[in-house]
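Down below are the structures I want you to see.
The same chain A turns up in both complexes below, where it pairs with chain B and then with chain C.
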Partner chain A sequence: MLLIPCPWCGPRDEAEFHYGGQAHVAYPENPAALSDEEWARYLFFRDNPKGRFAERWNHTAGCRRWFNAVRNTATNEIEAGEVTA
Partner chain B sequence: MTSRRMTGWQGETVRFRFDGRDYEGVRGDTLASALLANGVRAVAASPALGRPRGIYAAWTEEPNALVQVAAEPMLQATTVELRDGLAAHGLSGRGRLTDETDTARYDAVHAHCDVLVVGAGPAGLAAATVAAETGARVIIADDRPIAGGSLPDTAETVGGVPGAEWAAATLDALDGRPDIRVLRRTSVFGYYDDNYLVAVERRGEHAHSRERVWRIRARRVVLATGAHERPIAFAGNDRPGVMLAGSARAYANRHGVLPGDRAVVFTTNDSAYAAARDLAAAGVEIAAIVDTRDTTGGGTDGVEVLAGHVVTAVGGDDGVSSVAVAPSDGGAGREIEADLLLVSGGWSPLVHLFSQSGGDLRFDDGIGSFVPASARQAVEVAGAARGVFTLAGCLEDGAATGARAAEAAGFRVEGTFEIPRTPDEDPGTPPGHLWLVPAADYSTHFVDLQRDVTVADVMRATGAGLRSVEHVKRYTTAGTAHDQGKLSGVLTSAVVGHALGLPLGDLGTTTFRAPYVPVGFATLAGRHRGALHDPVRTTSLHEWHVAYGAPFENVGQWKRPWYYPRAGEDMETAVLRECGAVRKSVGAMDASTLGKIDVQGPDAAEFLDRIYTNMMSTLKVGAIRYGVMCRPDGMVFDDGTVIRLADDRFLVTTTTGNAAAVLDWMEEWLQTEWPGLRVYCTSVTEHWATVALAGPGSRDVLAGLAPGLAVDAASFPFMTWRDTEVAGLAARVCRISFSGELAYEINVNAWDGLALWEAVMETGVVTPYGTETMHVLRAEKGYPIVGQDTDGTVTPADLGMDWVVSKKKPDFIGKRSFARADTSRPDRKHLVGLLPADPGRLLPEGAHLVETSTLPEPPVPTLGHVTSSYRSAVLDSTFALALVSGGRDRMGEVLYVPLGDEQVPVTVTSHILYDPEGARRDG
Partner chain C sequence: MAERLSPLARFTPVSADDLRIAEIPFLTQINLRVDPKSRAAADIGVALGAPLPTEPGTCTSADADVLWMGPDEWLVVGARGHDLEATIRAAAGTAHVGITDVSAQRTVVAVDGPRSRDLLAHGCALDLHPRVFGPGRCAQTMLARAQVVLAAREDDGFRVFVRSSFAGYLADWLLDAAAEYLPEGTVTSR
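Up next is the complex of A and B:
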């Protein structure tokens, strides 16, 4: 049970959160301009590193806000100072 | 039967039954100690080989003595506290689940603390006392009925008093402090991320809750979990009467029970000598001490010590009657008469929780064990759990660790903790390391007693080429029983090392996983059983549905009335009657569960244009539009209606089961992609009660209930809404239809729902209908249900709804995917209708479709599957909806549904089977 530092509410149990996958995968500016391959990359491809990983969380059972955090997938440690609303 | 209780041992008598016989024990016994006191040696036969097995250990490490107590299967006799009237029987392997409901209450507690100390032995008590002195909030959990760890087993003194007395007084002193919580009979069984630990507290049969789960978040953790004595693998090491030496010592000192008359001690280390001394003092004759070391650990008065010897065989089929010993270098051996064989292969620190926490282990050559190395979490290990095996050492180590933990949690240590006086301990002779006694035949050298795994089995695994202890575990099942390999785990690694000629330290252990001790499912479920298993949502009309005998359908957490059977009606008859009433007259359904989201703000229209596939910004105030939402991959996610209430305000409806997901979806896009849009979304599902009025007679019924409303088709056209009064209640009436008939949805304040419904029913002409009828009616019209007729791989075009996808909007979620080659494949699965050749044949939902009237050899290519299937009141046949590859190009084709030995022929039709012209919409 991770203790996740919500930037609005403070540290809360993982059970209060909803996981949102890799962070910084923005919706393309102009999808129509992308090739099928580029669009497929946006839709279907995500990183799966062992180690530091920037990911999205939503505090669904609390303030319901989305935020980004950097977690080490090998140790489950969330880096202080890398949590951004 | 003679009592094996030490003369003069005091205790209140407790009566119990085991395997159908009556026995007596004393208060404070475990079932195991009481059985031993009554001379019961064999508890149950081993599961695979049927060999008699006795009691091998004295606490949670017991591999043999499994019992069933009343309805509770697979308890260890060594951990069951004896109580009056207890009835148990021995189990060979698996227990038996009862059909009866467990009426006991189970509960859960959440707790936070600065320092959690696991274990109230010498190290844990010292750690908790020091930490408590700093002002830290401390929780100390101990799994035993009485405190002290090994102290009650060894009868050592602390501060000049018996160790058990010192421990009890120390724990009581902690219990009296305001910021300290003492959890007795509480096993910490899981160590998860961020110092989250889970424990089970056994409160007893008469407590308010029989057991409860503690979920504890701790700043710092001190693990003072002690050590287990190790077994040695030798021929016949599973006979009843073979027992760990320290466990026999525990039975004598803790329970006043002598587990035998005449014992042989087989050891690699000095600790068994202390056990032998205590047992001799208690009245057990020690026949000999067989020490694997050439230099022995001293002796005990008048007892023969056989240095450099091993046990080579055990005589007696039903229990130990003799022990064969021989020099380990192979010289001539001899046989010693004995009914008890005490074994000590050294001591292994209990690293289970540390390892679960993510900490690394290292192999300590000195003690021949794995010990904690580097921690990943905020945890420290004290005492025997990290290989400190002297009493004075454990007290000192515990005190130092407690201080470190409190300081790390932000508290200041003031003053010094005075370590209580302990008897002088002889440094003794270093331990030897022997895991198995070499032999020609390893078929009775047991490694895992519960799984009946022998050294021969492990060697078969390594002979088959297995090298990893994880693979050997799975191949042999060693370490997979109720005890999770507490005694067999490292022994298995050692035997693998022996077979492969590899050092044990290089092989490592198998992964330690929670739970450390078995925990009942009822305990984990706690109060979340029956009606409290999941929240139940009911509408404001619920009581009426109950009163009219409706069975309920679960839709998400909602209870929806399924149909309303009249006397003598089964479901089929009732549903056909309800369908007929809507098609020919008028019916009403409780539609309150539909998700409703209030979307408002200056950019609300723009936002909905991006979320829905069709255009919403052109919707006029007062009008309604059906819409579909897709994921970016172009697959249908939800559908519903959008009502425009004002320029900057909409009411969106969603499917019943998807309401929360749609709100989450909207929030996600607003917050993460379009933070510039000024839009606010609020769930208003439960603000409204909604009654759907459907059928050609619905206009007259509405006119009667709402005299102020112009209901003619010109004044109140399809897909518009009006605010008015219905049955004297403030209402919003929407002209929308999910049946193809003339229909209205009347929305009122949820408080007024029942009054509205009763007013509708009082007209005397309206038939109440449930969700099943609603499903049939919509299916006849080919309206898909998202999640039933779709499954996340279906586009709007697959559903025959190209018209709902805007060509004008520059972008919306999913648009780009409609230009992918994959979404325009001609063999995509389309929603079609199916009419069985036999009009009475109801196809099962989920059934597959094939092209040929005889099944080809597998793998059989299937064209798709049936998603909805019903009987109809207006078609002359049963019918189904199905997703079929290239379905729209197969109109009129005959396909086959394989059902058992039959190939059931069906004809492919349009998914719109009733009123395709839409002639019935305006009544």
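Up next is the complex of A and C:
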């Protein structure tokens, strides 16, 4: 089981968290102006790197806050989480 | 008048030399959301007898117990019938504060005695050693796969806050896990 560092609660079992996918995916400024393909790209297309990957996590069984953490997808090493709004 | 039944009304308390398990029903519980830097937060702290704890995982005890739930969220716990909501509302005035009575959401199980840490460790991944989780610490975590709020008290005492619908399951689990710490022949059926 991964030990995930919640920026508020400290390291906790992976089972306490909900995964939120890639971090820093901005909501389109004007969604109505997007073509179907652009909208689909925003909704469904994500990076899939081998190595460092910035992700969103929610500490559902703990403080229930969202935060970002960088996980190495090859080794599962996680760098300290960062508080986000 | 209808009789009020607590979630663990049929639970027989366990009382052994090293371990005691009992429900503390009907505590007053208020969920409080407020900006910790605001004037209202300071005023509410004064009304409750101690500043709202801002260090994650800590709890203060004055007129009521105040448990840290998040950077802008606390669980305020008082005795049965203690009108904490009125106290907090009066202190908050018209400020932007969320005050919700959640007394019925969770019931509280007191786990006391020198074996309390050993018992909870059967189903909790947190380090419960008094050096790390001594009196005044609290945490929201999983105990035997159920979401709980754990609060450490003096003298190896713990308060386990568990959602009412999970309370029966958790009480059964606690009794099962406690078997090895109780004298032979202790009746632990519910």
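Observations on the model:
By definition in this document, the second predicted complex is superposed on the first by the 79 of 85 C-alpha atoms of A that agree within 3 Å, B and C clash if a C-alpha of one lies under 4 Å from a C-alpha of the other, contacts with A are read in each partner's own complex, and residues count from 1 in each chain.
Following the convention adopted for this analysis, a contact is a pair of C-beta atoms (placed from the backbone, for glycine too) under 8 Å apart; a residue touches a chain by one contact, two chains touch by 3 or more.
Quick caveat, the model's predicted, so the values are computed rather than measured.
In the superposition on chain A, contact is made by A:16 with chain C only, not with chain B. Contacts of A:39 after superposition on the shared chain: chain B is touched, whereas chain C is not.
Residue contacts after overlaying the shared chain place A:76 against chain B, while chain C stays out of touching range. Legend: residue contacts after superposition of the two complexes on their common chain; A:8 is shown touching chain C, with no touch to chain B. Residue contacts after overlaying the shared chain place A:65 against chain B and chain C alike.
Contact comparison for chain A: of chain B and chain C, B touches the greater number of residues. In the superposition on chain A, the residues of chain A contacted by chain B and by chain C overlap at 13, 64-65.
In the complex of the two chains, the chain C residues touching chain A come out as 56-57, 69-71, 73, 125-126, 139-142, 147.
Residues of chain A touching chain C in their complex: 8-10, 12-13, 15-16, 61-65. The touching residues of chain B, when paired with chain A in their complex, are 192-196, 215, 217, 358, 376, 632-633, 664, 667-668, 671-673, 810-811, 815-817, 819-821.
Residues 1-3, 13-14, 18, 20, 26-28, 30-32, 34, 36, 39-40, 42-44, 56, 58, 60, 64-66, 75-76 of chain A are the ones touching chain B in the complex.
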